[in-house]
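Below: a set of structures, written as structure tokens.
Paired with chain B in one complex and with chain C in the other, chain A is shared by the two complexes that follow.
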Partner chain A sequence: MNDITLTEDQRDCLQELINVAMGQASDKLARYLQTFVHLQVPYIELIDSTVLPERFAETYAEEGVSLVSQGFYGEKGILGESLLIYKSHDAHGIAEILGYEPDDVSEVEQLTDISSILTTTFLNGLAEQIDNQLAYSAPRVVSSMETPLEQHLQQLSFNWDLALKVDISYQVVDFSFNCDMVLLIPGEAIKNIQKVLDQILDEF
Partner chain B sequence: MSIPVLICDDSALARKQVKKSLPSEWDVEVQFATNGREALEVLREKQIGVLFLDLTMPEIDGVGVLEANHAEKLVDFIIVVSADIQPEMQSRVSELGALAFIQKPVNTTKLTEILQQYGLL
Partner chain C sequence: MDVAAVQSQLIERINSGVLVVDQNCCLLYFNRFMESHSLLQASEVIGKNLFDIFPDAPQRWLQRKIQSVFMLNTPAFSSWEQRQFVFKMRHARPVTTSSEYMAQNITFIPICSDGQSEPDKVGIIVEDMTDVFFYQQKLKDTLKELEEVSRTDGLTKVSNRRYWEERFRIEFETAQRHEHDLSLIMFDLDKFKRINDEYGHQAGDLVLVKATELVQQILRKGDLLGRYGGEEFGIILPNTADKGAYELAERIRSQFSLLTMQHDNRSINATMSMGICQFDSRFTRFEDMVTRADLALYQSKREGRNQVTIYQA
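== the complex of A and B ==
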């Protein structure tokens, strides 16, 4: 399984598809919040399953995180898990951003609300470009205070040794709010995505 | 005489998509730039009729190119081709003198409409 590598063309193609999907998701969020979302170029890497918990621990070591995890399943063997990761102070600030009264709606619901805007817009945008239809599992909210991220990663509904990790950062400047989106796509599905990328590359 | 056209995008796929979407009857001579810095180098060196410009790019981004062009008047017709389609971004590039804004992924129909609208075709 560890023999998978992306060619430069495949990486460029995937990056462009992700840029477009990310643009749609941030536009949706920007219109919803009536603010501006600052976009960065997404970072794509192939990552070994054993390295990921460690990598997460490094990135989010300083404080607790809340994570909204949602599986997606499409045609042509395309599937994966989308993780939206919020540092604790960002998670606590969502009520204000969404204009909810304090104690009106639980933090879990707030996280689910904002995540569904980002995740479904992003993934539908990606699916549309590769001529696919996606179905989603129900989102799960995981707090690192209660469940270590490592444990959650091990419990994901698919087994994977190697995953395509795509890091996308959404920064809402007006509210000093950030969240990271990580897409995990397991080994077999990476090969299926490579086929789709090659088809797109053949068209141009 | 062919119109010199510059396509600026950091993605090879996106550059090809724009080139392929140009209407076949439009007589152009196409060249490419892979970021804003390269685009400005070309624009300062030679006359370009139409610039197709991405926004999110390394080195100098699309907004940087628009700002430089605003000050230096290098090219008259700039069409932004962007994945970042937020209302605030659209009004910002329009204030900086971009003629039109096309949402990615680009296609011939959209592009032809814009070119006709501004009498470029």
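== the complex of A and C ==
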């Protein structure tokens, strides 16, 4: 499996598709949340499953973070998982915009709510670009402030060697809310994405 | 096959709730599962507002959620683990489960009319998760029981050595850090082998049980009795200096010596010897206190048993 590489054309194409999807998502989110949502330029790489826990640990070492996972699957063998990572207490401000009553204190539910909104809005946009339809599993909190992320990742067994990883940062300035989205498209699904990218490149 | 006819029957009879609402949250569809669990008829709810039909539903949150499905054209979710239910309904296992209302996983799905790209309806699928909810509760209870068992001595039901030492380590470290008082009583039943030989092992067991019962009655909240091994026990006394520990130990010793136990129509009397050690900042480990309390205990034995000795450096 480790012989997979992205050509420069494929990477550029994917980058372009993501940029368009991000633009659409940003626009839709702004309307729904009634505030400006800033999405930072994505970072795309192929990553080995063995280095993933380490990479996460490096990036989120100092803070307690919460991790919400949501699976997605579509046609033509496109599937993967979206991980939303929140540094401690970034998410407080969102309770109000999601319609929670002040005594509705389930922070976990607020995180799953906002995660699902961010993930599905962006991925639906991306799916539209590649003429696909995605379905989603319910979002789940994988680790929270109480169970450190690093500890959790060490316990994960990955049944893939290589994954296509896309990092996107979200900022909702008005609510001082930040989070990182990491899309992981593992194993065979990378080849399926590549086929789709090649098809788009051919049509140009 | 008439696919549409099959689909409509399936959706009508599926073992999950299916509702459809329009942009004003007016009900357009309400399947049989919803009817039978909410005790409402589709004919009486169609065309009515969702929140009039389910007045207990969290309106602000649910409205915002449904709005997200319309505006973002994406599915939305609600899980019983965070919110046990959204629509207050009975479930199908009222006899064998304990929860009153149906635990629900809910999926909200955007539905577009033919040829449209933006949704004008939202489908709401309600899955009954009561079984999972119930077994999760059971699992929690069982785990709690297991934890209890793993820290208890089977015969006397006091803390076993492993748990007692774990707690002692914590108390020892607290005393070290905050310079709090801390005392340890070690005690041992006198001539226990002779009780076993003379009255049998069941009698010996009875003496252990009666002794620990008596100690538990005398101890204060926060004190911890543990079975150290065989017929030897330890009592951790936080925030207690050796003088207080001595008074407590004397009370235990004298009351136990007066206790007559009955086994097989025979009366048994027994005594205990006790040793006390109080925390000293020169100690580095809790075991230092155990060793010294043991030394005091042996001194009690040497000097004739049925007495309490405080360790003197």
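Basically, the second predicted complex is superposed on the first by the 178 of 204 C-alpha atoms of A that agree within 3 Å, B and C clash if a C-alpha of one lies under 4 Å from a C-alpha of the other, contacts with A are read in each partner's own complex, and residues count from 1 in each chain.
Quick note on the criterion: a contact is a pair of C-beta atoms (placed from the backbone, for glycine too) under 8 Å apart; a residue touches a chain by one contact, two chains touch by 3 or more.
In this text, all values refer to a predicted model and were calculated from it rather than measured experimentally.
Engineer: Putting chain B and chain C onto chain A via the overlay, clash or fit?
Structural biologist: Aligned on chain A, chain B and chain C fit with no clash.
Engineer: When the two structures are overlaid on chain A, which partner does A:121 contact: first (chain B), second (chain C), both, or neither?
Structural biologist: The second partner, chain C, only.
Engineer: I'd like to know which partner A:204 touches here: chain B for first, chain C for second, both or neither.
Structural biologist: A:204 sits against chain B, while chain C stays out of touch.
Engineer: Of the partners chain B and chain C, which touch A:76 in the superposed model: first, second, both, neither?
Structural biologist: It touches nothing on chain B or chain C.
Engineer: Check whether A:195 is in contact with chain B, with chain C, with both or with neither, and answer first, second, both or neither.
Structural biologist: Touch partners of A:195: none, neither chain B nor chain C.
Engineer: Is A:31 touching the first partner chain B, the second partner chain C, both, or neither of them?
Structural biologist: A:31 sits against chain B and chain C alike.
Engineer: Please work out whether A:19 is in contact with chain B alone, chain C alone, both, or neither, and reply first, second, both or neither.
Structural biologist: first
Engineer: Of the partners chain B and chain C, which touch A:109 in the superposed model: first, second, both, neither?
Structural biologist: In the superposition, A:109 contacts chain C only.
Engineer: Looking at A:129, would you say it contacts chain B, chain C, both, or neither? Reply first, second, both or neither.
Structural biologist: first
Engineer: Once you lay one complex on the other using chain A, what is the shortest C-alpha distance from chain B to chain C, in Å?
Structural biologist: Value for chain B versus chain C, nearest C-alpha atoms: 13 Å.
Engineer: Would you please give the residues of chain A that touch chain B in one complex and also touch chain C in the other complex?
Structural biologist: 31
Engineer: Hey, which residues of chain A end up touching chain C in the complex?
Structural biologist: Its residues touching chain C are 28-29, 31-32, 98-101, 104, 106, 108-109, 112-113, 116-117, 120-121, 124, 135-136, 138-140.
Engineer: Can you tell me which positions in chain B touch chain A when the two form their complex?
Structural biologist: Within the complex, chain B contacts chain A at residues 10-14, 16-17, 20, 56, 58, 82-89, 103-105.
Engineer: Hey, which residues of chain A end up touching chain B in the complex?
Structural biologist: Touching chain B from chain A are residues 9, 12-13, 15-16, 19-20, 22-24, 26-27, 30-31, 36-37, 39-41, 129, 200-201, 204.
Engineer: List the residues on chain C that touch chain A in their complex, please.
Structural biologist: Counting only chain C, the residues touching chain A are 58, 60-65, 67-68, 71-77, 79, 82-83, 105, 107.
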